[in-house]
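These notes open a run of structures that come right after.
Below, subunit A partners subunit B and then partners subunit C, in two separate complexes.
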Partner chain A sequence: MRGLVLTLAVTLAPLAGHAGVEQAVDDHILPAVAAFQADTTALRSAAEADCTQEAVRPAYQSAFDAWMGVAHLQFGPLEETGRGLSIAFWPDARGMVPKAVAGLVAEADPVIDDADAFAQVSVAGRGLFAIEAVLYGESYDADDYACRLAVALSRDLARTGHALAEAWDAYAEILRTAGEPGNAAYMSEAEATRELYTALMTGLEFTKDQRLGRPMGTFERPRPTRAEAWRSGRSQRNVVLSLEALRGLAAELAEAPETDAAFARAIATAEALDDPVFAGVADPAARFRLEALQQEIASIQTATATEIGAALGVSQGFNSQDGD
Partner chain B sequence: MTRLLSTAAIAATAFASPALAGKADVLGTYADIAAAAYEDSRITAEALETAVDTLIATPSAEALEAAKDAWRAARVPYQQTEVFRFGNAIVDDWEGKVNAWPLDEGLIDYVDATYGGATDENDYAVLNVVASPTFTLSGTEVDATEITPELLSETLHEADAVEANVATGYHAIEFLLWGQDLNGSGAGAGARPWTDFAQGDACTNGNCDRRGDYLKAATELLVSDLSWMAEQWKDGGEARETLLADGDAGVAAILTGMGSLSYGEQAGERMKLGVLLNDPEEEHDCFSDNTHNSHYYDGMGIRNVYLGEYVRADGSLVSGESLSSLVAEADPAVDAALTDALDHTMARLGRIKTAAEAGFAYDRMLERGNDAGEALIMGAVDALVAQTSDIERAVTALGLDGIGFEGSDSLDNPNAVFQ
Partner chain C sequence: MRRRSFMGALCAAGSLPAFGWAAAGSPAWLAAAREPDGAYALFGIARDGSDLFRIPLPDRGHAAAAHPTAPEAVAFARRPGTFALVIDCSLGTVLHRLDAPEGRHFYGHGTFVEGGRVLVTTENDIATGEGRLGLWSRDEGYRRIGEIASGGVGPHDILTLPGDVLVIANGGILTDGREKLNLDTMRPNLSYATVAGGVDETVELAADLNRLSIRHLAHQDETVAFAMQWEGEETDPVPLLGLHRRGEAPMLARVGLAEHMLMKGYAGSVAIADGLVAITSPRGGRVHRFGLDGVFLDAHDRADVCGVAPGDRGMVLSDGLGGLLTLDASGLAPLSKADRAWDNHMVRVPV
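After this line comes the complex of A and B, so read on.
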């Protein structure tokens, strides 16, 4: 009998799930994608007007803020052609970004003068982290190669932001028509729901294990220089913004008061850290606060699974972080 | 309402049928394949050890080539076991000892000047144990005058908590046999001279005796690690017992391994990333240029466990009740789609293997702007991503949503399920 009840629940669920997908697309995904397009376009304009470090930094910060609104949507348009990695290549365990940027500068590689050719360059030498390396690395003058590189990188990112928005115009329709004849990506409404649910769960795991876990390292061997975007002072901010974005997605998927409360607690903790680049990982007291935050994110994962996953009748699918 | 009733009726029928016996048989086949494939890995690693002994005792160009051949042969069964990762915690906890990648090879032996020095991430990227009988590691003085399996596994492997400090396993051995591939996107693999193992004045690049000691210790360790894992899958072994303890969780473990290896690991980390980075050494077997085979046999391992058949290194066939038949019973269309997807992936991986064997090496496919190479690799990536969707559909068809269905990260890290 228990089997029957479960089966009934699963059969009913997709109706609720489909509504969640529509809402998530219209109210969460598309506005965030549009904001990223606008802010990367503004970054391009800023760099074209004045490519010195000080002049471009504010626009870079805004563009990175906007990225945090879409970074968790690691499927479809961000996955195609490695677009997500060409926007943000992190974690960078083997120092590929500094290597790629230094390589371009050392050779004064003329590839930066051709947008199509530049789009073929290693993803480690493009995107937000390459821009960070240029804007927050060794200072340069307005007529230097580095300055032209900042412009080329900004143009490339704006182009990617535009392409992402175009791709989402089409992909939104694929999500909306899940389960309809001819939709090969999502053969049922539940598959579209599972995609968004997987993005939510994977995003939580990424913030907990990567954004927090990497700089924490081990107690004996903390790793502050593994914090995300520490050179531009964004590590703590990125944790807060990622949690806010994930909270937004969760709210679209299902009515989930416990999950929302768990988000509120974790965001309050993250905002109160007062440790912008997680330099405190070596200090036991500061470290304890980061561990507490990790546990609060784990509580969000549990609440999400029991409240949202169960309500929608879906569980987490495979994700691109599944490897080792 | 009709739909609800009919679904309930089907569910009731399924519960009444001897589905549990089916699952036990399927799990038995899977464990038999694991036992045979790890046993083959051990046997072929022993052959490698014999070849390494010969190389060290009587160094020659022929002995080095024979050891390389033995290494390549040993990879064939081992790569087919990678599908047992991700779903089985016992394999995940152990795997890093035998197949960790990528590595900062300067930890082990001499490297070219272009390799660079210590990095932000790794203070020991150029430690060069072969040339250093004593050194300081994370503040501790290490006596490495004698290079033993214990030194490699207990002290050097993942030294300073850096994953790229790979001191053991297939890729450490690969580096010692081939050396660095300094050809970039040009033709050719690593070209270590056999005289790197020669005795007396014939020794090149110094410390040939210590290099031989390292190679011997790493090979011995590989054999013992593989023997241990083979034991775990035999009757009464821990891996088999854990798997067989719960039918649903066991079948979910099979599918978790298939999906995680297909998508995050192989399609993402190992294949797509190399294309996106245009880095010729961003390939799994970068010293030997054997990557096309590593990918091919990884794909074959995934297909093996679904179809319930494995061809052993001696040519005999291990087969039994398959996961494919279990899925077909639940939903024939899902089974047909997944079987087709696995075949399609093998065809795409076969294209890469064919081109590589004809001379178009994998590192050349990764070159910036090499459209043919990119198309070959991305063809296989797309196939692997597509088969992952079909694997998810099999999970749903079997009603296994939400049963122990997690990535390797969650298995390794109990905090992931912390409440």
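After this line comes the complex of A and C, so read on.
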């Protein structure tokens, strides 16, 4: 049925904007948000049962996997009150996450005993990267402060996961009613389509320039410890999962065979890297493979712009693209 | 309907002397835009967000200066443009074209002093990189009558305070075309000047904020709000809004780290209305509101938002998707939508 709708839609030029939005919300966004809520709840339960590093790590890994399904939806609910940054504070050019975590530990800050107060802690001291710093940092015992910190961080993240799901329940309606009177977020159906298209393009850019580009640094000065979530061994996995999530979003927006093929090539390359934390950035051969992957993501961007962007009649922002 | 009644007013106005801004069908705001075919124009906008007039521009516009009493406005080219058009907003015609003198370019903003008899424009002396304020006599058909120093590099926005005091945002960035040349050594400032006496007060921020370019201004009485753009890491928790009264130290408005990062280190416009200050970030698609005491109030999302000006109640916002929205105590609400990209600024027309 969905295939039929898509086939019909591509015969209209330009595409009626709304069709893809409805599907993206129902088939792509809401299931991913629900999965993130479930996996962060499971992380909380795991930490409450046993807060030692080995015991919590598997649930942390699952929660991070689930985050990769929503991380590219950087608008609306993830921007309200800085929610997205409180889930994942990265890139962290100034090393604020380890500093914030070390600060809590050094002072044995009692803020971790009060969920409401903890939710006011700086976003750099919360979320997946703070949990990573605890679970993959200095080892600790079950009765140490760090163990209680792991619980507090997991509870806070689960609370954010719940709040995100609630926010999306309301926001889905705002996307669905784009262009109706009183909708200040989306003053036309095309604006809602554009939001999702922008999330897609921004997500591709982020994976190419940040997830790959940051550890690559320059040829003379590669920066492997700038890789995303390298402490927990997730850098390569995050690239694969982000591309899969973006491919899913692209498929909801329009039937775009060239875009899909470009995604397939890049994902195959990313899976075959065998370089889990991009330690190979200093090795010319491994580095060449990362550069090739960047090129393949650039090809996805081109295909997306020509196939999906042109069909939807959207382009990037007028004022946001150059300052004055 | 509104347009037709405006056309009626237009014909009547043609045979009568100027009656002030009411003759222009009472536009509430002026804003430049890019149209779907790539052309640029300046629009007069009614209170309900509809178009009252459209005047083609030869290239991309930036801001406009509304004359304090006559239905006349000057639309400026975006930097480093060299044209400005004086527009009769009651006839919808171009009265004069101003060209920057040899060796100068405009920065996109200007203001009137002496009851509207003199127009002041922010300019770059291309050879030296020093900021200049160009002076133009309206009574003499906008003849260039002189210039004074702006008190810094890269003067951008400029306003007239009570007593014909000029306040100038010297952004501090030396540019060649649109390329930035001096980010390491830039020293922005807020300067106060009079046409007769030149600059008589200069406000600089702390040395570690030298990469914080002071760019856009709003004022209420003698309180000046200045919006800034950070030329450093987005995570650096620097303020994007400052408030200043002459003779006092500037007050910097702070927000939490997450809110700061969502603005992407960039404020594109600022306005004051109803005792609140708003700054916009087109890069973050976000609006921040503060009290006049610099205390953060709230944030609102709107893609590619940049223009902001006082409205009848609260503020009015414009964006690159063609939307005009109101922002007041009850939050954001749509006003109108047109098939064009509103450019950086909205200018409130004097009532």
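Here is the rule we go by: the second predicted complex is superposed on the first by the 301 of 324 C-alpha atoms of A that agree within 3 Å, B and C clash if a C-alpha of one lies under 4 Å from a C-alpha of the other, contacts with A are read in each partner's own complex, and residues count from 1 in each chain.
Basically, a contact is a pair of C-beta atoms (placed from the backbone, for glycine too) under 8 Å apart; a residue touches a chain by one contact, two chains touch by 3 or more.
None of these values were measured; they are calculated from a predicted model.
J.: Does the superposition put A:Arg221 against subunit B (first), subunit C (second), both, or neither?
T.: first
J.: State whether A:Gln294 touches subunit B only (first), subunit C only (second), both chains, or neither.
T.: A:Gln294 sits against subunit B, while subunit C stays out of touch.
J.: Tell me the contact category for A:Met187 with respect to subunit B and subunit C: first, second, both or neither.
T.: A:Met187 contacts both subunit B and subunit C.
J.: Which partner, once the models are overlaid, touches more of subunit A's residues, subunit C or subunit B?
T.: If we count touched residues of subunit A for both partners, the winner is B.
J.: Given the touch rule stated above, what does A:Pro110 touch, subunit B (first), subunit C (second), both, or neither?
T.: neither
J.: Under the stated touch criterion, which partner chain does A:Met96 make contact with: subunit B (first), subunit C (second), both, or neither?
T.: both
J.: Let me test your reading of the model: by the given contact rule, A:Gly233 touches which partner, first (subunit B), second (subunit C), both or neither?
T.: Neither: A:Gly233 stays clear of subunit B and subunit C.
J.: Answer with first, second, both or neither: which of subunit B and subunit C does A:Pro31 touch in the superposed model?
T.: So A:Pro31 meets neither subunit B nor subunit C here.
J.: Based on the superposed arrangement, let me know which partner A:Thr302 touches: subunit B (first), subunit C (second), both, or neither?
T.: Only subunit B; A:Thr302 stays clear of subunit C.
J.: Quick check on the superposed pair: does A:Phe75 touch subunit B, subunit C, both, or neither? Answer first, second, both or neither.
T.: A:Phe75: touches subunit C, not subunit B.
J.: Both subunit B and subunit C touch subunit A; at which residues?
T.: Looking at subunit A, the two contact sets intersect at 79, 82, 85-86, 93-94, 96, 122-124, 185, 187, 191, 194, 317-320, 322-324.
J.: Under the definition above, what is the set of subunit A residues touching subunit C in their complex?
T.: 75-76, 79-82, 85-86, 92-94, 96, 122-124, 181-185, 187-188, 191, 194-195, 198, 317-320, 322-324
J.: Which residues of subunit B touch subunit A once you look at their complex with the stated criterion?
T.: For subunit B paired with subunit A, touching residues are 3-4, 7-8, 11-12, 15, 85-86, 92, 95-96, 102, 119-121, 138, 160-161, 163-164, 259-260, 262-266, 268-270, 272-273, 275-279, 368-369, 385, 388-389, 391-393, 396, 399, 401-402, 405-410, 413, 415-419.
J.: Applying the document's contact rule, which stretches of subunit C touch subunit A when the two form their complex?
T.: These residues of subunit C touch subunit A: 34, 62, 78-79, 108, 178, 229, 233, 235-236, 256-259, 261-262, 266, 268, 282-283, 285-286, 299, 301-306, 319-321, 323, 325, 331-334, 337, 341-344.
J.: Can you list the subunit A residues touching subunit B in their complex?
T.: The contact residues of subunit A facing subunit B are 3-4, 7-8, 10-12, 79, 82, 85-86, 93-96, 98, 120-124, 185, 187, 190-191, 194, 205, 208-209, 217-218, 220-221, 225-226, 294-295, 298-299, 301-302, 309, 313-324.
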